[in-house]
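One chain, chain A, links the two complexes that follow: it is found with chain B in the first and with chain C in the second.
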Partner chain A sequence: MATLHTLNQSPSGSTLASCLRCLAPGDSLLLLEDGVYAACSPHVSAFKESPCAVYVLQADAEARGVTGRLDPAIETTDYRGFVELAAACDSVQSWY
Partner chain B sequence: MSGKSLLLVFRRAPYGRSLSRAGYDLALAAAAFEQPVSLLFMDDGVWQLLPEQHADQINTKSVASTLASLPLYDVENLYVDMQSLDARGLAPVELRKEVVPLDATAVQALMHEHHQVLVF
Partner chain C sequence: MKFSILVLSSPGASQSGDSALAFARAVVEAGHELYRVFFYHEGVQHGDSLAVPAQDELDRQSAWAALSEQHGADLVLCIASAVRRGVLDGGEAERHERSAVSAHPAFELSGLGQLVDAHINSDRLVTFGR
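What follows is the complex of A and B.
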């Protein structure tokens, strides 16, 4: 059972930590809306030990002016990629 | 007419919720009535100050254009909390150039010298 986790909250709150705690090997994590700030240094260190593929939604990063600050280890995806991720996983869990 | 001085503190990232939009509306409304207004950006509010925000990608209005319009309304006192920048790996040179960086002592002084402080 692979799960796609979506996180739309800034890393300043506690939601990111709770989400990370629940990631299982084989799951994927997509950062969107204010979640894209988590893909920027220095927050990105939180993902270094994660067993999951981590993605960031391009449109939300561009809207917030952080495309140049995204960690290269995190893959960028678009809305089509979002749909493909959701379709490839058995379930979607939203962290908000 | 000189009213009470107003300090608006922006603590949230720009697009996740509508709170900061309300803050800018208040800034412009106060300025229209010639009330002295200052803006302080701290915590996630510092993300508002990044240039090159392409908010059209998410079908919304860019905060950057709102900030650019503030001088037209004589809102010219913009400050940013250095500690919040450090925590996010941001440097003052990466932000809009009209924003003045303040250390913790200066932030305290800024809050003391205004009659009213409202947090968004």
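What follows is the complex of A and C.
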């Protein structure tokens, strides 16, 4: 049972840590809004041991001027991709 | 596939409501059905027709109303959240003896049962928090 997790909070808060504890193999994680900062170093190291695919919403990264700082291991996507990820997983868990 | 959306933040207070709107548009553009959008807590302010957005800002309320009209999605405001924030339809204005109706006609005031129903009858429920 795969879950799409979404995270819209900056990694400076505790939401990212809570989310990381609940990721299971086969899950996906989409970073959006202030969550995109988690795709930049040094925060991105949190995902190195993560068992799931991590995506970042391109438009939100652009809005924050961090597209050049995104870790190359993290895939960018758009809202169309967000819908596809939600459809491909069995459920969606939002972290906010 | 049927999608429903839960919106928890007021328009403009955070990016979350705008993300919900962009997601909703992408759902219908992908050919999926948008079954219901449930506005809860501060989210009910999306349905306040007396609020006037700044001219250089996106008019989120009209955008939701247009999406509902074009694609048939239910826009539901949690009745308890709405009434305590002064978002009243005709029935609630009369029941609580208030002089104004403030809910936009594209939005319906109803109970949490509508959120439960959305969860049961949709394939995916996506929450947009604060």
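Everything below uses one rule, namely that the second predicted complex is superposed on the first by the 96 of 96 C-alpha atoms of A that agree within 3 Å, B and C clash if a C-alpha of one lies under 4 Å from a C-alpha of the other, contacts with A are read in each partner's own complex, and residues count from 1 in each chain.
Here is the rule we go by: a contact is a pair of C-beta atoms (placed from the backbone, for glycine too) under 8 Å apart; a residue touches a chain by one contact, two chains touch by 3 or more.
Every value quoted in this text rests on a predicted model; they were computed, and no experiment measured them.
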Looking at A:Glu33, would you say it contacts chain B, chain C, both, or neither? Reply first, second, both or neither. both
One more residue to check, A:Phe82. First (chain B), second (chain C), both or neither? second
Taking the superposition on A as described, I'd like to know which of chain B and chain C A:Ala2 touches: first, second, both or neither. neither
Just to be sure I read the superposition right, which of the two partners does A:Val92 touch: chain B = first, chain C = second, or both, or neither? second
First (chain B), second (chain C), both or neither touched by A:Ala53: neither
Chain A residues contacting chain B in one complex and chain C in the other 8, 33-34, 59-60
Chain B contact footprint on chain A (complex, rising order): 8-10, 12, 33-34, 37, 40-43, 58-60, 62-66, 68-69
Under the touch definition given earlier, write down the residues of chain B that touch chain A in their complex. 13-16, 43-44, 47, 50-58, 60, 64, 87-89
Please name which positions on chain C make contact with chain A in the complex. 1, 3, 8, 14-16, 19, 22-23, 25-27, 29-30, 32, 123-130
What residues of chain A sit close enough to touch chain C in their complex? 6, 8, 32-34, 59-60, 78-80, 82-84, 86-87, 91-92, 94-96
